[in-house]
Structures are given as structure tokens and as C-alpha cells.
Amino acid sequence: NGPLTIAAASDLRFALDEILDAYREAHPDDTVRVTYGSSGRMTTQIMNGAPYDVFFSADIAYPQKLRAEGHAVTEPEVYAIGRIVLWSNRMDASEMTLEDLLRDDIRRVAIASPTHAPYGVRAMEALKSVGVWDDLQSKIVNGDNIAQTARMIQAGGAEIGIIALSLAEFPDLAEHNYHLIDDALHEPLTQGFIITRRGEHNDTAHRFSEYMNGDTARDIMRRYGFVMPGETLPEDGPADTAAAAP
Amino acid sequence: MFELSPTDWMAIEVTLKLALYTTLILLVIATPIAWWLANGRAPGGLRTTVQALVALPLVLPPTVLGFYLLVLLGPAGPVGSTLENMGLNHLAFTFQGILIASVIYSLPFAVQPLQQAFANLGRRPTEIAGSLGAGRMDRFFTVILPMSRGGFIVAATLAFAHTLGEFGVILMLGGAIPGETQVLSILIYDHAEAMDFASAHRLSLGLLIFAFVVLFVVYAINRRFDTVRL
Amino acid sequence: MFELSPTDWMAIEVTLKLALYTTLILLVIATPIAWWLANGRAPGGLRTTVQALVALPLVLPPTVLGFYLLVLLGPAGPVGSTLENMGLNHLAFTFQGILIASVIYSLPFAVQPLQQAFANLGRRPTEIAGSLGAGRMDRFFTVILPMSRGGFIVAATLAFAHTLGEFGVILMLGGAIPGETQVLSILIYDHAEAMDFASAHRLSLGLLIFAFVVLFVVYAINRRFDTVRL
Amino acid sequence: MSQSVSNGLRIQARLERSGFALDVDTTIPLEGVTALFGRSGCGKTTLLRIIAGLEHPPGAEVHFGDTAWQSGKTFVPLHRRRVGLVFQESTLLPHLSVRGNLLYGYKRTPESMRRLHLDEVADLLGITELLERRADQLSGGQRQRVALGRALLISPDLLLLDEPLNALDTQTKREIMPFLARLSDRTGIPTLLVTHAPEEVERLAHRVAFMHDGQLERLEPLRDALARADSPLFREEGAVSVLQGELGPPDEHDLRPFGPPEARYRVPTTPGSTKGAGHQARLRIDARDVSIALSPPEDISILNIIPVTIEALDEAPGHHGPARILATCRQDDGQPLMAELTQLSTKRLALQPGTRAHALVKSVAFLD
Amino acid sequence: MSQSVSNGLRIQARLERSGFALDVDTTIPLEGVTALFGRSGCGKTTLLRIIAGLEHPPGAEVHFGDTAWQSGKTFVPLHRRRVGLVFQESTLLPHLSVRGNLLYGYKRTPESMRRLHLDEVADLLGITELLERRADQLSGGQRQRVALGRALLISPDLLLLDEPLNALDTQTKREIMPFLARLSDRTGIPTLLVTHAPEEVERLAHRVAFMHDGQLERLEPLRDALARADSPLFREEGAVSVLQGELGPPDEHDLRPFGPPEARYRVPTTPGSTKGAGHQARLRIDARDVSIALSPPEDISILNIIPVTIEALDEAPGHHGPARILATCRQDDGQPLMAELTQLSTKRLALQPGTRAHALVKSVAFLD
């Protein structure tokens, strides 16, 4: 029973790290390592034999595709619903709407690459819904994945951008306010996971899958702004943050 | 089979422009550096230090370079903020930004072959040209340059190619803006990650054939002069 | 200031191992290719074709290369599936896999400076050594090799460095498995994305200093022999 | 055919270059020194390169004694030919010291075949003190000596020397030449020596190959080459006449008569001359040693006064000092005799083709 | 000091290398050809490089007439010195054709200063047919001629020629030398010529600088250099004696007495000799032209029989043929006379230091 290798969408970066810390404490004999990236890249890699045992995608469509092509041994299972936010470290995003992105003082708007990052797809959908997508074209910069998108804004390359709520809740970024984007403006970010063929006989993989359904994990996930399947996001945002919600 | 999308065409244009500008700028910058390294009269320690500094971009992962350049050229960085204060735009996520990055990134690939070529020439050709009345610049252009043609070709192809193949730096610093910073390597990556393998293949194959033809022509031309030697 | 995590150390180890192996393999592979290109008796057209082929990895974006290698070496690809059928493992996401990728990726960076160095030597040294009774291999090792030392140093540093800086290929093909395919460039990228800028800085700075020291030593040693010329 | 080949170096080769064609078919005896003599650009270096195997024109044949070096598909590569080669521009291996250069081939020579050794060669070439130098820290002449030493130290089966003493001062040359001469005599290493210096030819060569415009025009023993008045060997020293005639017994003055009565010389017996009486002999006379008088002078120290008819007056090939005239005279026995005169005296004596005069021959030498 | 400088090339330089030190302080007249003569490795090339500015040892002074080329902080770079330089290994610019090489400096010479032109120079050097060739498609001698032509075509103020005729055959040399001689006479371009060939010195040089071990030992007019018996110029031709004495009026045989009665020569008046009677004159006698007899022979054709005492018998410097002995004799007037003999005759006559004998002098020449 070898070490467990997890592939995870990068919106999980901080939440999953915390869950893993807790898991390791609970199961000190299990070796678990994790690789983050865009859901699209992970999927391509798994299809080509990447040694991942479990894959947490940002969009359940990817696990479904893997399942359909015989790369998964479990049915894709929803583990969280993601939300997107408008975030900036230089302006108070909480006061802004998506339409404000057209303002002249905003020169760059960062989103994740809509081609292979689900968070990018949802951001694009929301911008289209409010009708600014086409006019915004010249300002859009694409991050490889949602974590990189956050960093691009953080480093100042773009004044503002659309990132995962789960990242905006990360302490370093949570210093700045965000504007939670109405989830009616986009398809839901139904996040699903599977155990890959490679992970089929990996006990740790199964153990960890169960752990993700446990309370410890769910609490952490909620804290990072994820909506647990069957629940809704509290009116005042994630449990213990002071961040303002619209 | 090779119908490309407008995005593809834009990426091709940006890529070629980037590689071309980078190569031209590098030849201008790298030549005096390489010459100085090969023939300079400065003490050896200083020369060695400069040589190691020039070679640094070699060993720095592109992501490191991209990371620092983003910090440097972005609005908060010294360069970026200076530009902003002057009423100009900072350089992160701009073509100029990735051009600067490319130049730095590929500098050693231009300097090293040139330095080797210059060192190989030795002092004799300079001495001959000097004795025939040619001053510094004159003999550089009429003797050193044509005699180190091989070195220049290697330097130019390596710099051009290294820029074409640039990915990490641009991933960090570029932001994949179509028509501005979305280069081919990023676009193909994008296609592949999006599991749009058909587009990825099409673009890759097109690039492959184009590259092969260009290289073949360059080398064929070069070979015609090949035997000229001291 | 420079306490590194075990993950960091592992990445350093993998990176150095990869760069070292790649360089060694490349010197072995690139030398005969470069020699043949510089001195071969084959018709010019064939030589030009081979030269363009060898240079191809230069112009292919690393992601293209990574993508195709992934397809090729993965379980579904011709190489990968053959290995699987033989009861072995496919090579995607393994150290061997990224080693193969690195070798292909950096091949032109080793071949070109060597070819230039060999071409610069001309035929005379071979003729001298031959007249003194040295056979092919003998004169290669006792004359050609020491006389093209500069070319070998450039080739080795470029190949080593280019491998250190490899990112796109490994991103596609490596999968960032700590201790196996997670190289420094990937790890630093990862640190940056995790907003762990302290780690990113620490690692980058460490790498910077280390690289500078290594380069300084290499060039200082090289300079001592620098004036040896035909 | 092959019986004549077995002792010689047989070369049969054609090579075309723009504006130059080499066409050689010859057999050079494999003993002693053969000087290869010819004007700049006539193909000497190219011929040496063919022999060494550095050029292999298709269809060429090179046989070293019984061994085919190049013939049809056979091609023995240079390093198996055991040829000591000194290139025209003496290139050393720059990454080796002088010692390293000298020993490079020596080390690759089987111990049993080594006939020459470092100390001896370095000493003779006067490079002992340079042994530890880097090869690029030598003067031109020093480089040339090292290149020569290096070639000698492989104790080769054949030496191909392309102007090996070119950059050397007379004194150094003088020290090296007897060594080379002895080398060829003692070790029997056949040598092909390209040189422009008649002095080197005279001192070292056993035979001379004259090359002209890509062709080997003549291959003859040194003796014969020296005896021909038109030999390019003598272009250096100005015109020379060679007279053929019978040598009589010494008279009471120890002078020996030479030639028929109508062109009779009296030649002092040189110490060491062993030529018997009654033999055909050849006399070599420098045109510079011949003066002209209209009437036979009396009571003069010059022994030999020969009646001649002046046939032609040409400007003598370049010489320092005032312009000189080369007078071609015909002796009464029909043999030609050249005289070099000043313009002044030609005028004063009003010399013209057809003038009867007397040649005053100051000094003669036997060619034996 | 500076008044003597203004017409000369003043060089004062020290340069140290492992095992070699150059130390020169001299002024070379800026007219005609100065031959730089010396053994391999003595520093000739280095001296030329200092003059050209290719080496600049600290503290060195190089003045070309009134112009300081190197002095203190002043340093005129090579391309401003207008120096025509021919390197010892004649390197051409390989990326240019022969024509390109020849014209490289010509094009850079202001039109008003051009005194020599392509056609003329190419023709004289015999390279007209090679003009379109690539520089690496030449023979050694052809390369050397192109290098020489290239240097000439800048119509330089000073020519520095480092063994420029080295690789040339005698005939080509003979064609080029008068051109060089005329060049120096006509255009007055001062020339410094490194050569190992006494013949080139004799034909071209107006003065000779002897270099030895990094030092310029002597700088003297060619005439004086030729007159010294120990001149290295004569090492080539063997030993030579030069006798000093008074020349008397011609006798009835047109022979002129030379020297005191106890060592009296009778010297034929050479055509063209203009030396008046009663003058001090110098006689040059090749040792090869001197024989030795124990008792004065009678009825012999040789005019000059001089009583001498043998002082030393040494092996003569290398010569082909049987070993030779160089006998140093002293005439009764105290002047030395050298004789070159065969080993055989030395033995037969039982010659030893102290032996009284007679020198038979076959031929002499005035040095005027």
C-alpha cells in the first residue's frame, strides 16, 4: 500500500492543505502528497497515465469524462460547490459590481483560463451574463489556474480579478474585501472527485475519500467558503470571516 | 487540415514578433558583452564575475525569473512604479514586459556562442586589419563579424529558439492576452489542457513543419559559406 | 534564513540529478552528431536535413514537446504501451520520462556549440595527429576534445542550464511528484501559487547564489587555460 | 611492372582544381633524400598530401614499395602509413607543451621501432630549453624545429618535409642539415624534401624531382641535375656553363688539360680530386668568373684564355649593383660559355653578336 | 638628443618573458632597407611587434621621426601608424578573396596617399590570376605574396617585413626583390626586413641590424657588415678573411700590388673597379679559395703565394662532401688568413699549429 498522491484543482490549495494536516494527524502512518493545478491539466495527465490516486476537480465534468473513458473506478462524487468573487488588493472590491470592471481606471482584469480552469469558465459566464464580456476583452488576462490568477492580482499585474471564494478566504488574501458574485449569473461550480484506476487498491485513497466526507473536513471546507452538497452559503458568508457579503 | 483560428494566428504573430525582436535586441546587446568577455583587458576576476552574472539566467528556472520580473515590472515594483509615476503604464502583462523578460532570459544563449567564436578568432585577424588601417569599429564589422559568422548564426538561432520555446516566464508574466502576450507555447498548452487535442496537434504540426523549413533554409544557406576559415 | 523544507531538498536533488544526467547523456550523444555535422562526408543535403532535425527541439515550445512526449510515453502511446506489454512501466510521470524529455529538449543546445567548435578547428589538427600515428578515436580524445574544450564547456553549461530551467515540458510530463519529478522550477512555481512567497524567495535566492558560485568556479578554471589556441 | 615498383614510392594521380591540374605518374626510389623542387604554386604541397593520404583523388594509386597505400578500394589511412610529415606552416598542437608535441607521435610508435629519442632530437634541434614551454609561446623558427622533431620522433618509414627549414637562420640550418643528411644515410629513412634553397638540395639531396605546373618534369640524380646548365637549381647563383670534355694528365705545374686544343683549359688539381686521366669530365663555370677581352692579354695571372664568338647579349637576371649583361659566347669546339659583364665594359669593348673575343676564365670547378 | 631622433625610428623597450628578455635602445635611420638579422628566437618578431604597437611593454618609447608612437601615456594604435606589416606566418583574411585581401588596406588609404595600385602590385607579385580565388585556396608561397602585396598597397610610411620571401622559390624571389629594392629607392618607404638569407640582405639592405638574444648588438651599413670577417652574414658561405692594406698602381700585367712586401698580393684590375692607387683598400678572401703548400710551388698559375704560420686547425662548419678543416693562418704582417682544406691534405702535409707554410690564394675580391 503505497503513498497516496492526490491531484487537486487549485481552488483547493489552502483548504485541502489544512484538511491534509488534520488527516495526517489522525492517520500518522499514511503518506499523502498532493499536486495542485488546473482541473483541465490534471485530467489530461490522468488520461495519460499520471500516478494520481484521487482527483479533486473544480468541475465534476472532468471526473465524469474520466469515468466515461475508464480512468476512474468510482462514480464521480460531489464534495463541494464553489463560488467566485471579485477580488482586489488595491481597491475595495466589496463596493464594486461586475459592470464596474469597464471603468477606465481598471486596466487589467484577471480570470483563470476558461479553456481548462472551471473557475475561469464560470467567471466568463458571469461576465457574459451581465453583458460586459465583449467590451472587457482587451482587459482580460488569463491565469493558468485559479491560484495563479489570484497571485497575478496580488502581485499587481491586474488591478482586480475573479477568483475562487476559497482563495479569497485564505488569510493572506482575506485582508482585502471581495464581492461575492451572484451564483445565478453562472452555472454552478459543482466540484466532484473520483478515485482513479491507479488508486483502486490504495487503502489510503479510500480512507481519505471517506475522511473528506467527515465533519473535520467539511468544517474546514465551509470555513473556506465552500458550500457543502445540499447546503447553502450562509447569508453572511463563510462561518468565521469578517468579510462583507453583498 | 491546417485551418487555424484567429486566436491561433494571433499567437503565431505574437510569438514570431517576440522571437524576432528578442533576437535583434540580443545581438546588439550580446555582441559587445561577448567581445569584452573574450578580449577585454579587465582583470580576470572582474571578467569571471561578469561572465557568471551573464550566465545566471541560464540556471534560473523561468518561473523564478518570471516571478521576480513580475514583482519588478508590476505597478508595485521599482521599475513599474517609476513608470507609473511618469504617467506611463507598468510593464506586467504587456508585450514590452515579456520582451524584456525574453531578452534577459535568452541573454546567455546569445553571449556564450559569440564569446566562443570571438575567442577562437584569436588576435591575429584584428592585428591584420589594424595594420591595414582599419579602426576598431571598422575592423569589427569587416573582419570580426564576417569571420565569426558561425557564432552569430548559432547565437541567433539559439536566442530565437529559446524565445520561441519560452513558457514559464510568460506564464508568470504574460497573462495569455490574445494578440499581446499569448504566445504559441501558451496557446498550445491551453489547447492541450482543454483537451482540444485536435487544435493542439494542428498547431504543433504546423509549427513543426514551419520550423523545419526555416531551419533547413538557414543551414543550407550557411553551409554554402561553410569552408571559409582562417 | 536558508532553512529549506524536505520537499525543497528533494526538489533540489531531483533537479541536480536530472541536469547532471541530462548533460552527461547529451555530451555522449551530441558529440558524434556534432562531429558528423561539422566534418561528415555525407552529401550536403542530408547533412542540412539532419542539422535542421537536430535543431527542431529548439523551436518547439516545451509544452508541445511535453504534450507529444506525454502521448508517446504514456500508457496509451506506442512507447509506453510497448513497455507495458513487456511488463514494464510506461515512462510518463517518471524520472526516466523527464530525463528522456530533457535530453531531447536540450539536444540542440549541446550540438550547436560543439559543431561550431569542431568546424572552427578545421582539418589540420586531425591531420597532424593522424600523421603522428593516432587513429580516429585516439586523436579525438587527445586532440579534438582538448582543443574544443571551450565548445564543450559552452555545450555542457547550456545543456545543464537549459535543463535546470526546464518547466513547460516537466509541467506536462512530470506531474510534480516530490522526489521523482518535482523539480525546482515547478516547486518554486508552486510556492508562488501557494502565496508562500517566503519559500519561493528563499529557494530562488539559494539557487541564485549556488548557481553564481558554480558558474564563477567553472569560468575561473576555464580562464586559466584560456589562451591555448592554435 | 610490379618488380620495378617494389623498391619505390609509386604515385599515379590526377587532381583538378580551378586553374590548376596535377598529373603525376612516377616512381620515386625509396632511399636517400629526394628534393622536390619547383616554383610556388606548382603542386609540391599537393603531391605530398596525396602521398600522405590527406588528399585522395579518385582513381589515384599510391604504392609504398610492395604496400598499396591507395589503389582502387584500398586506402590506408594516414596514421597507418607511418609517414613523418612536416607541414609548410609548422602547426603545433596548441594544447600540448613542446614536450607534449614532440612525444605525441613517439608514444604511439611501438617501442621496437623507435630509432630516435627525445633527448637526442631535442638537442640536435636546439630546443631542449623549450621543452616545458607552451606551444604558442615559441618564435617562428622554434615552432618549425619542434614540428620537425615531432615528425622525426615517430621514426617514420618515410619523411615528407615541406620546406622544413624555411624559417631558420643559416647557423641553425647548418646545425640541422648534417643531422638530416646523416639520418637519411644511417637510418635509411627515405625522405621527400620540398625546398626552394639550392643549398639545401646540394647538401641533402641524392636526387632531384623538378615539378612544373602540376607535372613532375624530371627526376634525376643530384649529379645530373647539377650538371645541366639550365637547371633551375642554379637560377639562384646566376648563369652557369657546364663543359664536357676529356681530362688529360697533370703537367709539371700540377695543372691538367681539359677539352680539345681549340678550347683547352688548364685546370689546377684540387686537393681531394680523385678523377683519373683520360676520362670524360664536366667543368662547371660561373658566368661571373668569366671576363671578355678583345685581344688575348699577355702576362696575366688568369690561366685560361679561350677564343670565343659572342652570340647574344641579354640583361642578366636581377642582381644587386650596376646592371649586368649576360654574354652567351660559343667556343671554337661548339660548346657554349656564359660571361657576366658590366654594362660599361660591354660598351667600352663595343661587344655585339658576332664579335670575336677571348674569354678569361678565372675559376672552374669539377662536377664529380 | 631629439635632433638625432627626428629622422630615425627610435625604439627603447624592455620586455621580459620566461627565458627571454628583450632590451633594445636604438635609432634606426628612416631611409632604405634595414635588414634585421639574427638567430631563431632572438627577438626579431617581437621587436617588429613593438614597433607596430602590437606589443606595448610598459615604459617603452617608440618614436617615428618626430611623431611619438608610444611614449608615456601616448599610444598611437596600429591602424593610425600606417605601417605595412607582413607577418611571419602569412595569414590572410579567410573570408575575403585574394582581391578583397589586397584591397582591404588600399580602400582605407586616402586617395592622395596611394602610391601603389592593384594591377601593378599583383602583376609584380605574379598573383594576377589568383585575384578571384578564395584566400584558403592558395599555396604557401601564393599566400605569402598576397600578404606582401596587401601590405604594400596601403602605401605605408614604414614597412615591417617578417621573412616575407620565405616560402618563395628562387625565381619568384628574384622577380620580387628588385621590385622591393626599387620600391625603397623610389618611394623612399623605409623598410625593416627580417630575413635569414644573406642573399636578401646583400641584395636589398642598406644597413644591417644584428640581433642576439634580445639585444640589438650592432647596426651598421651593409658595406661595413660585409667587410667584417666574423659577420654572421658569411656563415652561409663559409669563413672569409678581410685584409686591410695599401693598393699600388697597376703593373704592366694590369695587376696591382696590395699590402706590405712581406704579404704582397697581386690583384687583377677588375673591370668596373674605380679604386685609385695609393689608397687603403680591403680585400675579401673566401677560405675556400685558399690552399696551403709547405714549400712555395713554382711555375704555378696561382699568382698569390703568401708565407704564413698556421695557428689553429678546426673542423669547418658543416659542408657537404668530405669533412673539411678550417686553418687559421697568420700572415707575416700579422693579419689573419683563413684556409679551408680537406682532412686528407691536412694529414698528408702534417699540418699543425706552428707549421710554417705558404698560402696559395686563388681568387680575391675588393670590398668597395
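Note that the chains are named A, B, C, D and E in the order they appear, and that numbering of residues resets to 1 at the start of each chain.
The working rule: contacts are C-beta pairs under 8 Å (C-beta built on N, C-alpha and C of every residue); 3 or more make two chains touch, one makes a residue touch a chain.
Bear in mind that the values here come from a model prediction, so they are computed numbers and not experimental data.
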If a chain touches subunit B and subunit E alike, it appears here: none
Copy-to-copy rotation for subunit B and subunit C - C-alpha atoms, rounded to a multiple of 5°: 180
Separation of subunit B from subunit D, taking each centre as the mean of its C-alpha atoms, in whole Å: 60
Inter-chain centre distance, subunit A versus subunit C - centres from mean C-alpha coordinates, in Å: 36
Intercentroid distance (Cα basis), subunit E paired with subunit D, Å: 23
Centroid spacing, where centroids are CA-atom means, of subunit A and subunit E in whole angstrom: 93
Residues within subunit B bordering two or more other chains: 171-172, 192, 229
Two or more partner chains touched - positions in subunit A: 41, 44, 47, 148
Which chain pairs touch, all of them: A-B, A-C, B-C, B-E, C-D, D-E
Residue numbers on subunit C that touch subunit D, as the complex places them: 124-125, 127-135, 138-139, 142-143, 146-147, 149, 227-230
Complex interface listing, subunit C residues touching subunit A: 70-71, 74-77, 80, 90, 92-93, 171-172, 175-178, 190, 192-195
Complex contact set, residues of subunit E against subunit D: 17-19, 38-41, 44-45, 88-89, 129-130, 133, 137-142, 145, 162-163, 166-175, 177-178, 181, 196-199, 202-204, 232, 235-236, 252-255, 266, 268, 271-272, 289, 291, 297, 299-303, 317-320, 322, 341-342, 344-345, 362-363
Contact set on subunit A toward subunit B in their complex: 38, 40-41, 43-44, 47, 65, 107-108, 110, 113, 115-116, 140-144, 148, 152, 155-158
Complex contacts: residues of subunit E adjacent to subunit B: 52, 54, 77-79, 82-85, 87, 91, 93-95, 104-105, 108-109, 134, 136, 150-151, 154
